[in-house]
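Across the two complexes that follow, chain A remains constant while its partner is chain B and subsequently chain C.
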Partner chain A sequence: MPRLAVTALAALAVLASSAPLAAQDTTAVRIGIRYDPSQRPGVLVLPIAGVVGDSLRIIIQRDLDYGDRVVVITPDAALAATLAAGGSINYPLLAKLGASRVVQGTMTPRGLHVALHDVAKAQVTDVAEFPLPIAQNTRDWRAAVHGVSDQVEAWISGTQGIARTRVAFIRGSVVRMIDSDGEDDQAIPMLGEAMSPAWSPSGAQLLYTTFGVNSRVVLHDLTTGRARAFGQASNTTNLTATFSPDGSSIVWAAAGENGSDLFLMPVSLDAPARRITVGRGTDNVQPTFSPDGRRLAFMSSRAGHPEIYIMDADGTNTDLLTVSDFGDQNYRSSPEWSPDDRQVAFQSRISGKFQVLVIGLRDRTSKLLTSDGENKDPSWSPDGRHLVFTSNRSGTSQLWILDTETGRTRQLTHTAGSRLASWSPRLKP
Partner chain B sequence: MIVNRRATAFALLALSVGVLDACHKKPKVAPAPVTVATTDTMGERRRLDSLEAARRMADENARRRAVDDSLRRANEATSASAALRAALTAVVYFEYDQDVLNGDAKAALDAKLPILIANPGLSIRITGHTDERGADEYNVALGQKRASAVKRYLAERGIAESRLETVSMGEERPANAGHDEASWSQNRRAEFEITAGANLVLKARQ
Partner chain C sequence: MSTRVARRALLSLALAVSATIGGCVASKGDIRLLQDELRSMQAVSARADTVRRAQADSALRALSVAQDSMRALSARFGNFQAATSGELYDMARQLLTIQEQTGLSQRRLQELRATLEEKAPPGVTATPPMPGDSTKPAGPGPAQLFQVSVDQMRRGSFGVARSGFDELLTRFPRFEDAPAAQLYVGQAYAEEKNATAADSVYLLVVQRYATSAEAPKALYKYALSQLAQKKPDLAKQVLQRVIREYPRSDEADLARARLGTIK
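After this line comes the complex of A and B, so read on.
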């Protein structure tokens, strides 16, 4: 009886949280399979034979779970062993366990062969063989396994997963990267004290800025390890660099004797920087491009306090995006344009603490996404559904991930002082 | 080892005895004729000796005074220089999310002006800081604005811009690690560092 009550409450909570989302969806055009977050398909990953079978299965189960598009069903080992006994899939039993899809993996000399079963149709719907590096549990091997998970998620939901991504962030003034599942927290070689890492659209380069003496914009090539720097000038602090979506140029803020303005530089660094805002002594920082590269959102103090504006990429047609309709919240910053072009995530101070919100680009209405502790500096996942942000809810500054559709959160980092996250694009093999 | 040490001690003893013996032997030379000083010459000698002693004493006193004076002047100059250095590097504070210089800030900067004017070999770095409350990235811009406001104030009063470097550390280097207004008010600041002429004994224009 108590269990039933809990289930009913949970169902109510899901309904309550999905109602406004459904309303939002009606104003948007979505391509692909229409997906209802309150009815996620049950997916069961069968045991995989072989020495790395257990590791593979654990990673794929976790990736599918973190993707938030399916419910991963994990039977105990004895039961799991009976599901495909003698090579035949026990569809009726799988249906009883709540699985509508079943992932069957088989090790091959080249890697992993995966078959996706539709339990209701009692048949295989998708197959593919994924090459895996021979050395297990290396960075490349884990990345390849995440690639398997992302393809399985595409088969099931119509949207490729985001397991094969990394989050760049700052800890102790050093740029670091961590895998989407929280593995492999590593630093990159640094020039100076860094802030604001940002990914190139290809995922092969990272931008960051250094502060203090000799402030620069640094373009770090992750493949070669080489770094190029620009923007160094006396009495100038460079900050918040970002790539244009086509990867051809860099927009960043240079703060000097007369406030800060946004500048544009070709990524080849072979032309002079061009100023694109006219701040007249105010601060204009934190640029973020629309997915088509034609518009920019940024934070400006031109009205006397930090507020988010939108303008054309050439600096014309500037327009206030955030409207002061939250009483005393006189501070909005850190905009991040969503990859689906529907909304901008940002932070606003509410009752003395920053919280993460989204504002619709069409209806200009804001929605509060966080309330636990202080939450700031959001960055979108490439599927436009998840946000990584800085939160002190655990008592220290850590990165957390929020599924904006279900409200589910998970902690990404576990070392204090992690902040200023930037989610990578889907990374190539 | 013990034997050697005893042998050495014995040899040293023998040597010293020999030296003492040599001293006791009187020289076999004729005594020099004794010059008998008259009362007058003895008096003159005493007078000259006395004058000489007085002159030496005066010289010695003068030397001591000179040394003392020099030390005192050096100490005074050093302490004056230290006081000027303290005034030059005195921190300037700001209001929340502001780069406007208030009365206290202007007074602190006015105290730096005569030192900067009297010591043209001096260059300083002005570093802007913020409290932890704003956005981390925006705070770097705000820190730069605070440093620039300070520089502008000094430059408008005649200090060459080339002697005034501005830098921002945003909220990254709090002076006080606390999380209340008392701490934040100490963190919204501009700090001063001598980047050229650090070895100068500082003067202030009167």
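After this line comes the complex of A and C, so read on.
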């Protein structure tokens, strides 16, 4: 029997047994469905009337499904039409379909009115009106609908969804962006051949580095379209730039004839770059900040072959993070600190192929997350649950998304040569 | 008179002719002689040239051989140097790897010790009491105290972390990670925006544990703290002290780089 049903029955039993006492005891008893992360509740999105009703319903259903926190129930059109016939919700039928929550959307002159029903309680628990742009099916309109989905997910699970996010990546030396649901793949104007895009914490700027003779770090403002470049020097290649979590600094790797080191520079670019690693001729690249900005993980070859290290953001207290056996020639790289500060995702070469793993920051135990094809360059979603990574499992280099809790994967891009993904923060309206 | 004059003229002419004819005969012989001598001299000179050329060739050959030998020697020396430096490089790398592995093992050991201490009955610690520790521990052992305090630090509970480290330093002053605990106390103060307290603790680390790996870190953090407090002159002095007193530390390298960016 589904756990939710058991919970509901138990709740009813408690209600029945406590009824005689209710008259004497003034303490209120609250009965309802509580979200349990190990048990995904069934959610049904009712048909939405109007010209774009079908589009709205499909986008919300897909967003909730991709969030991996609920099970989306999709009855056929005829059955769906009977669930809210005559304006009243058929809770018993919805319960039989396995739905514990129902999303009811109504188009208004300003946007979309959404009500969330609790089937067990047979009542509306949450309600809000979301403004939508007048121009339908545009980028902004779709983003606004993703925002609706994220709020519905927050009502159900207590955690904001990740639908209103984008993934920046590289295809053919060009920085591109794609919505978290795989729609709206677009390129941004470039200064040179790009590598390793990274989002600012606000989501308003993108960093990337260019390679070649005039290698630079480029700060691209997505609102104004303007770009500022720095770091150009002779015989120097700039690599893997990233923002500090407060958005005030940029850390990147500058590689010359004598290895590479990490440098820190204020975003205002009004102070000289400051070296924060002591590579002594080795490679030190791929910095990633802890969420509090106090520490950095990065890849270094200082002990022979590439491993992942952690240090204080000022360059002191460098410490080896990844564990390797002596003589192990498989190396570990591309670290990405999780938003919940519990683990670091990275790639390791296993039997000649890269695979994605996570290592716990407390117990330092690793967990292999992929095995199908070659998988690399992981990047966390803002909810700290999903990873986007590059994989050749479909035959070509594509971006894939993995739910680290269930192991469920889905393909994000469908054009060959997509790689080096970076997941945005939750984007503001 | 005219006859005498004519005779004299004839005699003079005859003498001149005879002298001319006689002179001509002597020159030819001399020329031959001279020619012979010249030939002979040329032959001698040619022989001498040949000998000299042969000697020069021989010397050149010897030089070339010597150069080849030198080249071969140099190449051998170069190979030897490359092999030696390669081996030295490999050895240095292996040493670093061993150091890293050792560091990792120590950390794992530390964590295991903390776990053991956690599981041990109250009053029993997995770490033997340190010499000089007069107080018998009645709570968590030093490794556990250290680990718990580090965890609090990571969570951003700086006050709690500081209390843990302080307790550790009071109860187990000779614990192997006491310098790191002391440094964490300074960092906790810094996170709490108490720069004065942080600075004094950084200097305390240098004073108490001058030979530990934490001393240059503390001194470097002290310098950065002075920079943040807009005291560049003092910061420069401290950075120079890091370079002078701990020249082989990573912090000395960072200090050199930092000095170059201070106006």
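Brief remarks on what is shown
Here is the rule we use: the second predicted complex is superposed on the first by the 386 of 429 C-alpha atoms of A that agree within 3 Å, B and C clash if a C-alpha of one lies under 4 Å from a C-alpha of the other, contacts with A are read in each partner's own complex, and residues count from 1 in each chain.
The criterion applied here is as follows: a contact is a pair of C-beta atoms (placed from the backbone, for glycine too) under 8 Å apart; a residue touches a chain by one contact, two chains touch by 3 or more.
As the structure is a computational prediction, the values presented were derived from the model and not from experiment.
Model built by superposing both complexes on chain A: chain B and chain C fit together without a clash. In the superposed model, A:306 lies in contact with chain B only, and not with chain C. Of the two partner chains placed by superposition, only chain C is touched by A:314; chain B is not. With both structures placed on the common chain, the touch criterion links A:274 to chain C but leaves chain B unconnected. Judged by the touch definition given at the top, the superposed model places A:240 against chain B, while chain C stays out of reach.
Of the two partner chains placed by superposition, only chain B is touched by A:285; chain C is not. Once chain A of one complex is fitted onto chain A of the other, the partner contacts of A:51 are absent, as it touches neither chain B nor chain C. Counting the residues of chain A that each partner touches, chain B and chain C differ, and the larger count belongs to B. In the superposed model, A:77 makes contact with neither chain B nor chain C.
Closest C-alpha contact of chain B with chain C, superposed model: 9 Å.
Once both structures are placed on chain A, no chain A residue is touched by chain B and, in the other complex, by chain C. Remark: chain A residues 173, 193, 195-196, 211-213, 215, 234-237, 239-240, 253, 255-260, 283, 285-286, 299, 301, 305-306, 331, 333-334, 347, 354, 376-377, 419-420 touch chain B in the complex. Chain C contributes residues 93-94, 96-101, 103-104, 107-108, 111, 151, 154, 156, 187, 191, 217, 220-221, 224, 250-251, 253-254, 257-258, 260-261 to its touches with chain A in the complex.
Chain A contributes residues 271-276, 278, 280, 292, 294, 302-304, 307, 312, 314-320, 323, 326, 341, 361-364 to its touches with chain C in the complex.
Those residues of chain B that touch chain A in the complex are listed here as 97, 125, 127, 134-138, 140-145, 148, 151-152, 165-170, 172.
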